[in-house]
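Presented sequentially are two complexes of chain A, the first with chain B as partner and the second with chain C.
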Partner chain A sequence: MQTEKLVQDRILPVAVIVLAIVAIWYIGAHFMNAPFQRDLDRRANVTSTAADFFKKTMSQPKPILPAPHQVVSNVFENTFLRSVTSNRSLVYHSWVTLSSTAVGFGFGTLLGILIAVGIVHVTTLERSLMPWIIASQTVPILAVAPMVIVVLGAINITGLIPKAFISTYLSFFPVAVGMVKGLRSPELIQLDLMRTYHASTAQTFWKLRVPASIPFLFTSMKVAVAASLVGAIVGELPTGAVAGIGSKLLAGSYYSQTIDIWAALIAGSVLAALLVALVGLLGRIVDRSMGGRSA
Partner chain B sequence: MGTAREMPVNETASSVVSARRLGLTFETNDGPVHALSDVDLEVKRGDFVSFIGPSGCGKTTFLRVIADLEKATSGEITVNGMTPEEARKSRSYGYVFQAPALYPWRTIEKNVALPLEIMGYSKADRDGRIQRTLELVNLSGFGKKYPWQLSGGMQQRASIARALAFDADLLLMDEPFGALDEIVRDHLNEQLLKLWARTEKTICFVTHSIPEAVYLSTRIVVMSPRPGRVTDIIESTLPRERPLDIRETPEFLAIAHRVREGLRAGHSYEE
Partner chain C sequence: MKLIRRSWQGALALLLCLAALPLLPLLGPDAATAAGNGVTVLIFALIVGAALVSFARLSAPILAAILFVGVYAAAWLLIGLLSGNEGHATSAFFPLIAASWLMAWRCVSALSAVETRSATTEALLRLLIPAIFGAWILILWEAVTRGAGVPFILLPPPSAIGERLASSVPILWADVRQTIFKAVLFGYIVGCAAGFVTAILADRIAFLRRGLLPIGNLASALPIVGVAPIMVMWFGFDWQSKAAVVIIMTFFPMLVNTVAGLSASGIMERDLMRSYASDYWQTLVKLRLPAAMPFIFNALKINSTLALIGAIVAEFFGTPIVGMGFRISTEIGRMNVDMVWAEIAVAALAGSVFYGLVSLGERITTFWHPSNRS
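The block that comes next holds the complex of A and B.
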């Protein structure tokens, strides 16, 4: 009975939407690729039936919009059929991007927590730091990224660190904001209770503020990890990086390898989904160990 | 005006809370609010004193002044012969709030352990005290449960255990059973009296229920609002041993009547 319910409530609605998207995608691919195909046919002096013509628009090597099956087969081929050390392997490129994402996310989370702790305990910090923190996020990252890469490159820091730096830049913000809220989430009555015990600021921090902030931490980390991935990919664009999902995207657009671009896009999305799910899972485990009601 | 009582010049050792001409004024945007004005009160060791009155009469504020959660703006008050701040810092009272305020990420026994951890009790000492106080509030066997697994009444009992764990002589209770239904409340009142008899604590108890105040207290302090002041102090003539059905005796009803009169005299309903 439970599987039936699962199919009805979870799988069916998702499947319907996926099917609709695939259908629209195919129709779109046909119309987008049709003019070029017509051009080709005219030059080669061939006339083909509608069905034949449709098939051709689905199998161009450099289509304007690749058909879903072209992307899927590219992703499959480059994920499972290639050695993971190969330059064409999506696993290899994902790993490169993932490593700088992880480093940047780690530092970003740490930095965000430190900033939040400072803001919660020192009133002047909130007034002096908060406007800068907010301003930092209004600067377009595409403008900041090349500067960071160039400046760090000038002092001979290249490769993983500059990319991780951009990830940190994007990911500390949600964590800082979330943790300020989390560390301030204890109710007045819980703080009063600590006061009646004559608890020190440190005791109130570790025994009340920190545990109360944990759900906020994981919620903000979910946002931060996705932002970190975007940061790492953006960081790979201006470096002319030779590896990583960003470089795959860039190379694809240089050589009009549209199928490769879409494949890299899929790889990035899958990576993002995995990271967010991983953080979510970690959050659930921690919540369970802290006496959370099992859902 | 409150009933002006003769205050002993020398504080006797048996005085736990002693307030003289105590006043507290909050400055708000709409002008000053006189939460407390000219409150004179003496709480003796072993007393069970209830504070009753309509909302805004300052009964909770008075309790918070004793606990050093608010500062009086005029008059004098001592707790265990010290200023409220010194009393708080020497951990002389346990406070029970309107809500249980249990930390949801701690089990019941860990919640009871919280003040003990903060005050630096050893692990062995903590375990003994947890067991003893949970037994005192009839929650033995629930130590490993999380707060959400317990009913409201049980949660409030756990919070009482937490306030008792470090053996403060004074228990300050701010409408602890206000959010519970009447059947649970009766049961907890009965348990609280037994606990009071066993532990010989001094209890200050804020309530807005007349039967609750009369049933529990050795003295009932009737207060009225704007400004918050004491209008009557009633010494209970009921015996210390009180079964629940004492509430139908003429003696009980007479005291309840006097409390009601005191509340009416505060003109709180005409305003």
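The block that comes next holds the complex of A and C.
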């Protein structure tokens, strides 16, 4: 009964929509690739039947919009059939991006938590720093990315660190704001109880504020990990296309390898979904081990 | 009542002044102009005086005002010393800058402690405190880059950026027009409208909602900026391709937030509407859309930043010879770092203005919401 409902209410609608998207994609691919194919046919003096023509638009080497099966086979080939250390392997590029994402995310989370603790406990910081942190969100930070990379490259800091720096910049904000909210989430009555226990500030912090902030922390970490992946990908754009999903995108756009671009996009999306799911899982485990009730 | 109060910033500032004394003069022997004795004495007098005042038991506004004047005079004199002598500051210079920064901190904490009932003073303080903080970031940046002679390519001092900003207004304006008034605005409006209409559709058809929402939630985590090279390939180098990226980036946040907002009205209120025999559209316009407004504005705010990012990043993949992303990537190639920073300052300003306008719209339309009542 339960599973039947799950299939009917959850899986079926999503499946139908996904199928619709794939169908639209095929039709779109046919029509967008058709002019070029017609051109090719005219030059080669071939007249093909409609079915033949359709097949040809689905199998161009550099199509304007690659058909889904071309992208899927490219992803499959570059993920499972190549050796992991190969320059063409998507696993290799994903790994490069993932490592700078992870480093940046780690530092960003740490920085965000530190800032939040400072803001909650020092009034001067709250009143002078908080408006700037909020203002920093309205700034298109990613625009700074290429400059940070090139400038750090000019003083011989290359590779992982500059990309991780951008990821840090993008991921500290959600964590800082979420943690400030979380550390402030205990109600007055609970804080009063701590005072009647004669608890010190540190004790209140560890025994009341930190446990109360954990759900907020993981919610904002999910946003932060997605942001730091975007940061790492954009950070790879100006490094001269060495390695990583971003460089794969750039190389694809230079050489019009559309299938490669789409494959890199799929790889990035899978990576994002995995990272968010991982953080969510971690959050659930921590929540359960702290005795939280499932909401 | 004690006549003095504890001021660790003051104590530390005095110590720093003491530490700076044996390291004098302020400028190295090969500097173009030596630091005059009068100026040096004046700087010391200002900082030590401010530090001593910070121990006095004065009322907070007076203390803050005295510190404010003293600290900025000292900082201004210190930075004035540097003009023409970049990179020649001795190790006596930096303790003094640090000491005046500490006194500025003291000034801010005195201001934060001010309790006021009048709304105007409160608003003024709310502006003044972050402004002092921001000014000190600029002062420290200027003092460190010019005092220590940090290479220009690494980090230009803010004064150079300001000069570049003022001298290249026409170029910057052309970039803003290309990127913001063409690509961002068009994409933002179309993307948000499309997301909104789709959300209404999804609200009418439950099947569509169940199918679209999980996909929309997933899409918010995806690196959508990555479609930029594809869009540039499809729509060419001009602003249309950037607008397309912006449309795709702004669509999903709007969809997800509007759908969430449409279910924000309570069952009681919906029952009331039904007892008035109002049809779907009447309920939508009179009850559910107003209730959804906070969510919709949340999406508009998120999208204002996303739209700028999308347009600028898309310009890295190919543009006509104008535009903010184009300027950033070419000027960095020519090592004109001050121009890049000027462009970033403009982008930051544009982003803040955009966000501010959306917030203003929110205040006007959702004046009834608890978070806007004060």
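FYI, the second predicted complex is superposed on the first by the 283 of 295 C-alpha atoms of A that agree within 3 Å, B and C clash if a C-alpha of one lies under 4 Å from a C-alpha of the other, contacts with A are read in each partner's own complex, and residues count from 1 in each chain.
Keep this in mind: a contact is a pair of C-beta atoms (placed from the backbone, for glycine too) under 8 Å apart; a residue touches a chain by one contact, two chains touch by 3 or more.
What you are looking at is a predicted structure, and each value in this text was computed from that prediction instead of being measured.
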{"item": "Partner touching more residues of chain A, whether chain B or chain C", "value": "C"}
{"item": "Which of chain B and chain C A:I155 touches, first, second, both or neither", "value": "second"}
{"item": "Touched partner set for A:V103, first chain B, second chain C, both or neither", "value": "neither"}
{"item": "First (chain B), second (chain C), both or neither touched by A:A199", "value": "first"}
{"item": "Chain B versus chain C as contact partner of A:I189, first or second or both or neither", "value": "first"}
{"item": "First, second, both or neither for A:V14, with chain B first and chain C second", "value": "second"}
{"item": "First (chain B), second (chain C), both or neither touched by A:K207", "value": "first"}
{"item": "Partner chain in contact with A:I113 - chain B first, chain C second, else both or neither", "value": "neither"}
{"item": "Contacts of A:I259 with chain B and chain C, given as first, second, both or neither", "value": "neither"}
{"item": "In the complex, chain A residues that touch chain B", "value": "187, 189-190, 192-199, 203, 207-208, 211-212, 214, 290-293"}
{"item": "Touching residues on chain B, where the partner in the complex is chain A", "value": "67-69, 88-89, 91, 93-95, 97-99, 101, 103-107, 114-115, 117-119, 146, 148"}
{"item": "Of all residues in chain C, those that touch chain A in their complex", "value": "105, 108-109, 111-113, 126, 129-130, 132-134, 151, 153-155, 207-212, 214-215, 218, 220-223, 225-230, 232-234, 304-305, 308-309, 312-313, 316-318, 324-325, 328-329, 332-333, 337, 340-341, 343-344, 347-348, 351-352, 354-355"}
{"item": "Complex contacts: residues of chain A adjacent to chain C", "value": "9-10, 13-18, 32, 64-65, 123-124, 126-129, 131-132, 135, 137-144, 146-147, 150-151, 154-155, 222, 226, 229-230, 233-234, 237-238, 245, 249-250, 252-253, 256, 258, 261-262, 264-265, 268-269, 272-273, 276"}
